[in-house]
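Next come two complexes built around subunit A: one with subunit B, the other with subunit C.
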Partner chain A sequence: MPAPVLIKPDREFRNRLIASGGEDLKKCFQCATCSVVCEVSGASQPFPRKEMIWAQWGMKDRLLGDVDIWRCHQCNDCSQRCPRGARPGDVMAAIRREAILHYSAPRWLGNIVSQPRLLPLLLLVPCILLVLAAWARAPLETFLGGSYTPNRIIISYWSQLPQWLLIAFFAPFLSLVAVVMILGVMRFWRDLKARDREAGFIGQRRSLAASIRLAARSILLHEDFDRCTSEHSRMNSHRLVLFGFLGLIVVDLWVLTARFNPLLRGAFAYPFNFWSPWKILANLAGAAMLIGCTLMVRNLARAGRSGALFAGTWFDWMFLALALAAVLTGFACEILHYLRVDPFRYAAYIIHLATVFALLVLLPYSKFAHMIYRATAMVYAAHTGRQSQGGLRDSE
Partner chain B sequence: MADEKKNVAVFLCRGCDIGASLDVEALEKVAAEERCVGLCRSHSFLCCDEGVAQIKEAVQSGVASLVIAGCSGRFHSQTFSFASCFVERVNLRELVVWSHEPHTEDTQMLAEDNLRMGIARALKAEIREPAKIAAQRTLLVVGGGPSGMAAAREASRAGYQVVLVEKQAELGGWLRSCKRQFPKNAPYRDLEAIDLESWILQLEGDPNIEIHRSAAIRSISGQPGQFEVELDVNDSTIRASVGAIVQATGWRPYDASRLGHLGYGRSPDVITNVEMESLVATGQIRCPSDGRPAKRIAFVQCAGSRDADHLPYCSAVCCRVSLKQALWARELDPEIEAYIFYKDIRTPAQYEDFYRRAQEDPGISLMKGDVISVTTAGGRGANAPQVNVENTPLGPSIQVEADLVVLATGMVPVAADGEAIRRVRDARAVIDRGQPGPQLDGARQLVTELGHHEGTDLLHLGYRQGPDLPVLPSGFPDSHFICFPYETRRTGIYAAGCMRAPNDIEGCISDAEGAVLKAIQCVELTSRGAALHPRWGDLSFLDFHMQRCTLCKRCTEECPFGSLDEDDKGTPLPNPGRCRRCGICLGACPERIISFGDYSIDVVSSMIKAVHIPDEFGEKPRLLILACENDALPALEAAGIARLRYSPFVRVIPVRCLGAVNVIWIADALACGFDGILLLGCKSGDDYQCHFIRGSELMGTRSENIRQKLVQLALEEQRVRIEQIALSEYHRLPALIDEFAAQIDDIGLNPFKG
Partner chain C sequence: MTPNKRPAWLIPAVAGVLILLPFAYSLGRFAWVRTFTAPKPFLEIASAPSQRCVRDPKWMRQNHKIFLNELRDKTVREGIRSNVTLNSCSQCHKDKTRFCDKCHQAANLHPDCFDCHSYSAAGSPAVLLRGGP
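Showing the complex of A and B:
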C-alpha cells in the first residue's frame, strides 16, 4: 500500500470549472460509462471518469498536468451516453480552458480573454496601435534615414502601412507570443512527467522522433476525430479550418520572408496577381477556413438551441468568432481592394489587421492554444506508450 | 362405527384430462368397494354449477364427509367448501394425469390409491366445534415513537381501542430530536419540517386511545384475544385486557464507543449522526473541541454498519440522513464544504432525486471508498481529524482533513431475545440447585455466554419459552418475514417500525399500518376459533390426551410459537389462541397423544394403510412421499402443471409441515411394505423458508430417530430420505424422485411386503 495522499480540495478551481462549461460535473457518480464508450481513451488509466472525480474534488494539480484532457477531442460520445447527464466532454473542455490559462503567462491577459465584455477592447487596442503606427510612419522614416524605401518590392496597398512597418509592428508581439508558448509547453511537459511519476504510470516508450511523427500523422489525418461516433461531422469542419489555417500560414510566411529572398521574381513576387499560385492557395485556404468556421458556428448554434450535445462556451465562441472575423475581413479587403472602393478598403484592412493581430497575440490565452498543448500532449502520449481503445493505428 | 353408516360421498371429476386419461368407471368401483361410501358419482366438470348442485344435494341429505377427486385442493377451494361437512380433495389432476403416462396400469393404480387414501382420511377425519375465544377488541401498542403513534392512530380508525405505552415522559421517540426531515413528497428535493406536536395532539384527543407515558410493562399473560397486561405507571399498577399486541419499541444508535478506529472518543470533533442532528438543529455548527465554526465536515457512511465486526446489516436511513445534514449545514453556512465517504449510496425509490439534489450542490463532495480510520493530525496545535480512506477513485489510499467528522452509525433494534433470557434463567436455576455435574458446568458456561441478556425484558411475557420474542442473531425478531411481514414467533404479537427492520419514518408508518391490520385479523380470527397465517381460517385445534402424557416437555420445547406453557409439575398447558396448527408438537410427541380432528396419527396412518401394496412378485415398488403442503406439495403440483413426468410408483400424502411428521408413520409405512420414503420439506437454516420456522430443521434432528427405527427393523438407511425443496425448484423434482426410485430399485424391495 503506497503512502496515503493528502487530498486538499480546491473549491475555487472546482467552482471555476462549474462556471465555465462544467456545470454538470457534480452529477457524475463514477459509473465509468464515459471511459468505456470513449474511443480515444486507452485501456490503462482510462478517461474521462478519473477527470470527473478529480474535477468534483477540485484537484487542480492533477488535472492541469493530465495528458488525457488533451487526448479528448470533445466528440461528446461520453456526454451522450452519460446516464446522469454529467456531460464529461464539456467538463473536459472546461478543464482544458483552465490548463491553457494556467500555462500561458501572464495570467491577467488570459483573464481578459475569458471575459466577453473585454472583447471590444481587444480589437480596439490593435486598431489604435495600427493607426498610431501609420501616423508615426513619416517621422520614423525620417529618423531611419531620410527616405527609407524597401528595396525591390513596392508596397502599394496602402502607403501609410508599408510592409516594413507591419513587420516591425507584428514581429515583437509574435516573438513574445512564441516565448510564452515555449515556456508554457516546457512547464506543461514537466508537469506531465511529474504526474506520471506520481501515478506510477509506466508504458512502452517510443522515441521522441517517432512520437512526433505519430502525433503529426494523427493530427493531419484527424484519426481521433474519425473515431467519434455521435459528432462525426466535426471531423470535416475541423479539417477545413486546420488545413485552411495552415495554408494561410504558409502564404504569410512566404510573404513575410519575400523581401529577404533573392529568388523571388515574377508571379512569385509580392504583391501577387490574382492568378499567382500563391494567391490561388491563399484564396482556397481562406475559403476552406470560411466554410469550416461556418460549419462550426452552425454546429455550436444548433446544439445550443436544442440544449443537446455541444452548446459551447464563451471560450469556444470567442476563438471561433475571431477566426471567422479574420477570414471575412480578409476577403472583404481583397474584394474592396479589387473594386478600389475608397476609403472602405483601408478601413477593412485595418480591421483585418486588428483581428489577425488579436487572434495571433491571444494564441496562448485563447482556445487557439489547444493547437499547441494538444499537439504536445499527443506527442507525450505517444512517447509514453499510451494507446487508444482502437489502438491498432498507433500500435505500430 | 362411522363406516357402518356409509356416510362418505365420493364425487369424481372427469374434466381437465382426467376422464380422457383414466378409467373412471374403475375408480368408481374402487370407491364403491369401500364400505363407508354411500354415494359415488362422476361428473364431466364438477366445478360447474350443476356439479356443485349435485354435491350440495348430497350434503343436504346428511353425509358427514365428502371426497372430491379431481383437481388440486388449492383450486376451487371456495367452490368445494361446504359448511359442517368435511371435504377431502383427492388430487387426480396435477399429481396423476398431468404428471404420468395416460391409460397405463401404473397411472390407474396411482389414481386408485389416491382415491383410497382420500376415502380413508374422510372416514377418520372429524369436524369438531371450533375453540372460540371471547376476544378483547383492544390493542396494546408498545412504544410511542412514530411507529407506535401510527399504530395507535390506525387501530383507532379501524374502531379498536388502544392502550399506548411509552417509557419516556413524552410521545414521539427519536422524532423529538429531529427538527427537519428528508423530503416525503415530490419532487423529493427539499428538506421538510416535522409537525410532531399536532400528531401528538391528535392522539391525545382520540377517545379510543389511552396513553400511558413513563410507563413500563410489568407482565403480560394469556393468549391472543385474552392477553392480560399489567403496567407500571408512576408507582401505580394499571391493568388492561387486550386482544393483540403491536410492539414498536424502536431502535437505539449503535454504540459508537466501539468505533475507536474511526476516532470516536479520541477526538471531540468526531461525533455520531445522532449528535450531529442536535448540533445542526442549533443553527450553528461549531467544533465541540474549541467552538470554532466547522467549515469542512466529513461524513463517514456505514460507520459500524454492513461490517461483520459490528452491525452486519444496512440501517436504511443513514445515507439520506447524512445527505440531509450536509444540505442543512450548507444552508446554514454556504462556506461549509461537506465530504461524504460511502460504501454505496442507498437512497431507494424516489430518494434518488434527493441524492441528485445533494450531489448537484457544489459544496457537497461524495466519494466511494472504505474509511479505515480517522486520525487526529499532530503538530502545530492543529486538532483537525484526518479521514483515511482506501480503495477510492482518487487513489488506493487517501487522506482528507476535516474540522468535524460525523459517523453515520446504524440502528440497533430495541428488542430482547426471549429465548436467551429464558436459557439464562433456567441455567441460574440449575446453579441455584447446586448439584455438581456436567449440567452445572454447562449452566455456568451458558450464564457467561448469554448473561448480557439478563434484565433486557421488554414485554415480560409469562411464556414458558421466554419473556420476549425470539430474535435473529442481528437482534430483529425472528419470523418468516419474506412471506409474512410483521409476524413474529409469538402469535398475536406483531412487530412494527425499526425494531422489525431499519426503516425511515414513512416505512415505520406503513409498518404500523400493516402490523395493526395483522393484529386486528388476529383478534377477529381468534374470536372465531380460526387459525392465523399460514393456515388462515383453519378451525381445527389441538387435542391432548393428557392422561398418557409423560411430561417429556418436547411439545413445550419444540413449538416454534411458544404456544404451550407448563404447570409446576411440567404438564403442558395448551393455549389454543397462540397455536398456529402446524402440528410440530404432534410430530414430536413420543406418546402420540396430540391430534387435530382432521390430522392425527390415526388419520395419516390410515391413509398409509389404505394404499394397495402389490406383492413382492409384482415388481412394482411403492414409494411414500410425505410432502409439506406449504412448499413441497405446491412444487409437486407445479411439476404436474408443467407436465413433467416422474415415477408412477410414488404415493403422496400432504403433511402440515415436515416437523408435523411423527416417526410412527415411517414405521407404519415400512411395515405395510412401502419400499422407500421421501420426506419433502422446505429449506432450513439461516435463510429458512419453513412456514413454521423450525419444522424442517426439527425433522433434520429427528432423522436420528428414524435411522434407529430402520436399524431396529434391519432395513437399509437409504430407504428414508429427507429433501428440502423450494417452490421455485419444482423442475428438480422429477429427477430427484426418479433417482430415489432407482436407488430403491438397487436396494431391492422391502422384505416386509405382504
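Showing the complex of A and C:
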C-alpha cells in the first residue's frame, strides 16, 4: 500500500502562477478532457490534468520536478477544448516559467528579467559596459604590449572594438552562463529522478546515448510540434527560428576562430565577401530568424485578439522581442555598414552587441532557457521510457 | 493533424546542408589551393646583403604585415611619415614575384597593398635602412 501523501500547499507559488498567465487555473474541475485531447501526452501518466490539480493545490515541488510540463509544447489543443475555460496550456507555460526561475541561480537575475519595467536596464547595462570596454581599449593595448598587439590580422568592423576585446568581453560572461546552465540542468535532473522515485514510476529504460539521439531527432524534426492540431502553424515559425539561430551560432563560432584557423586565411579571410558562403549562410539564417520571429509575433497578436488562444505573457514577449531586436539590429548594422553611414553604423553595432549580449547572458533566466530544460526533459523522458508510450495517435 | 506530404526530415536536411555547406566550401578550397595551386614557398635572399633589414629578418617573416599596417596607420591617421616604405623593401628584395608573391601565393593570401602601391626600386625616395619608424 502506498504511503499516505502529505500535501503542503504553497499558496504563494500558486498565486505567482495565477499572476503570470494562469489566472483561470481555479476553473478546472478535473474532467481530464485536456489529457485526452493532448497529442503529445503519453498513454501512461498523461498530462496536463494532473498538473492542473497540483497547481490548484500549490504543490510546488511536484510541479518543478515534473518532466511533463516540458513535454508540453503548448499546442493549446487542451485550452481550446476545455469546457471550463481553465486554459491548461497557459497554466503549463506559467509553471515552466516558475521552473526556469527556480533552477537558474541566482534567482534575483531571473526576477529582473521577469519584470517589464526593468527591461531598459537589461539593454542599458550591456551598452554602458561595451562603451566602457571601447574606452578601455587603448590603455589595455598599451598594457598588453604596446601598439603591436596583432589586432589587425582581422580587420575590425569598428577598430574601437577589435575582436580580441570582444572575445575578452563576452567570454567571462558566457562562461558564467554555461556554469549556471550546467548547474541548473544537474539540479533539474536530480529532481526529475526524485519525483519518479516518489511516484514509483517504472518504465522501459533506454540508454542515455539512445535517449539523446531520440530527443535530438524529435527536436530537429519538430515531431511534437507536428502533433499539434489547433496551432499547427507554430511549427513553421519555430522551425525557421531554430534553424536560423543554429546557422547564426555556427557562423559566429567560425568567425571566433579567425585568429588561428588556417581555413580562415587568405581568400577566406574575415570580413567575408558578400558572396562568401559564410556570409550567404549568415544572411539566410538571419532572414529565417526574422521571418520566424515575425510569424510568432503575428500568431501571438492574432491569438490575443481572438481571446481564445494563448496570447503570450511578458515572459514570452520579452524573449521574442529580444530575439527580434538582435536580428533587426544585426541587419541594420550590415546595411549601414555597406552604406558607410557614420556614426550610425557604430551606434547600431553597439546596440546590436548589447542586444546579443542581453539575449545570451539572460539565456538561463528568460524563456530562452526552454532550450536547455525542454531538451533535458525530452532526454529524460526517453531515458525513463516515457517516449515509448508515444502519442496516442502515433502516425504509421 | 494536417496531412503532411513532405517527408518530415526534408526541412531539417535542407537546413543541415545549408549550415554545412560553408564548411565544405572552406575545406575544399583550402585543400584545392594547397594541392594544386601552391608553389613551394621560397624566399629570395636580399640582393644587398651588406645592408641590414629594418628589423630582424626572422621577426619580419612573421610580423611584416603588422609592421606595415602600423606604418600605414601612423601615416594616414596620425600623419607621421616614416622613411621605411614598400619601396625601401625593394631596395634589397628587388624581385616582387620572387620575394613577396612566392609566399603569398603559397599561403593563398591576397594582400591589398599592391592594389595601390607599386613595388619597385626605381623612383623610391632615399631610404634609411637602419632604424625604422
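Methods note: the second predicted complex is superposed on the first by the 381 of 396 C-alpha atoms of A that agree within 3 Å, B and C clash if a C-alpha of one lies under 4 Å from a C-alpha of the other, contacts with A are read in each partner's own complex, and residues count from 1 in each chain.
The criterion applied here is as follows: a residue touches a chain if its C-beta (ideal position, glycine included) is under 8 Å from a C-beta of that chain, and two chains touch if they have at least 3 such contacts.
Quantities reported herein were computed from a predicted structural model and do not represent experimental measurements.
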Using the superposition on subunit A, decide if subunit B and subunit C clash or fit.
fit
So, A:A287: does it touch subunit B (first), subunit C (second), both, or neither?
neither
What is the contact status of A:I212 with respect to subunit B (first) and subunit C (second): first, second, both, or neither?
neither
May I ask you to name which of subunit B and subunit C touches more residues of subunit A?
C
Would you check which partner chain A:L221 touches, where first means subunit B only, second means subunit C only, and both and neither mean what they say?
second
For A:L256, using the defined touch cut-off, is the partner it touches subunit B, subunit C, both, or neither? Pick first, second, both or neither.
neither
Have a look at where A:W278 lands relative to subunit B and subunit C in the superposition and call it first, second, both or neither.
second
Output check: A:A3 vs subunit B and subunit C. Expected answer is one of first, second, both, neither. What do you get?
first
Quote the smallest CA-to-CA distance from subunit B to subunit C in the superposed model, rounded to whole Å.
30
Residues on subunit A touched by both subunit B and subunit C none
Partner subunit C, residues of subunit A touching it in the complex:
39, 147-148, 150, 152-153, 220-223, 226-227, 229, 232, 239, 243, 246-247, 250-251, 254, 262-268, 276-278, 280-281, 284-285, 393, 395
Show me the residue ranges of subunit C that touch subunit A in the complex, using the header's touch definition.
1-2, 4, 8-9, 11-12, 15, 18-19, 21-23, 25-27, 29-30, 33, 63, 65-66, 69-70, 107-110
Would you mind writing out the residues of subunit B in touch with subunit A in their complex?
337, 339, 345, 356, 359-363, 365-368, 386, 388, 390, 393-401
Quick one: which bits of subunit A touch subunit B in the complex? Just the residue numbers, please.
1-9, 11, 14-15, 18, 26-27, 29-30, 49-50, 53-54, 56-57, 59, 84
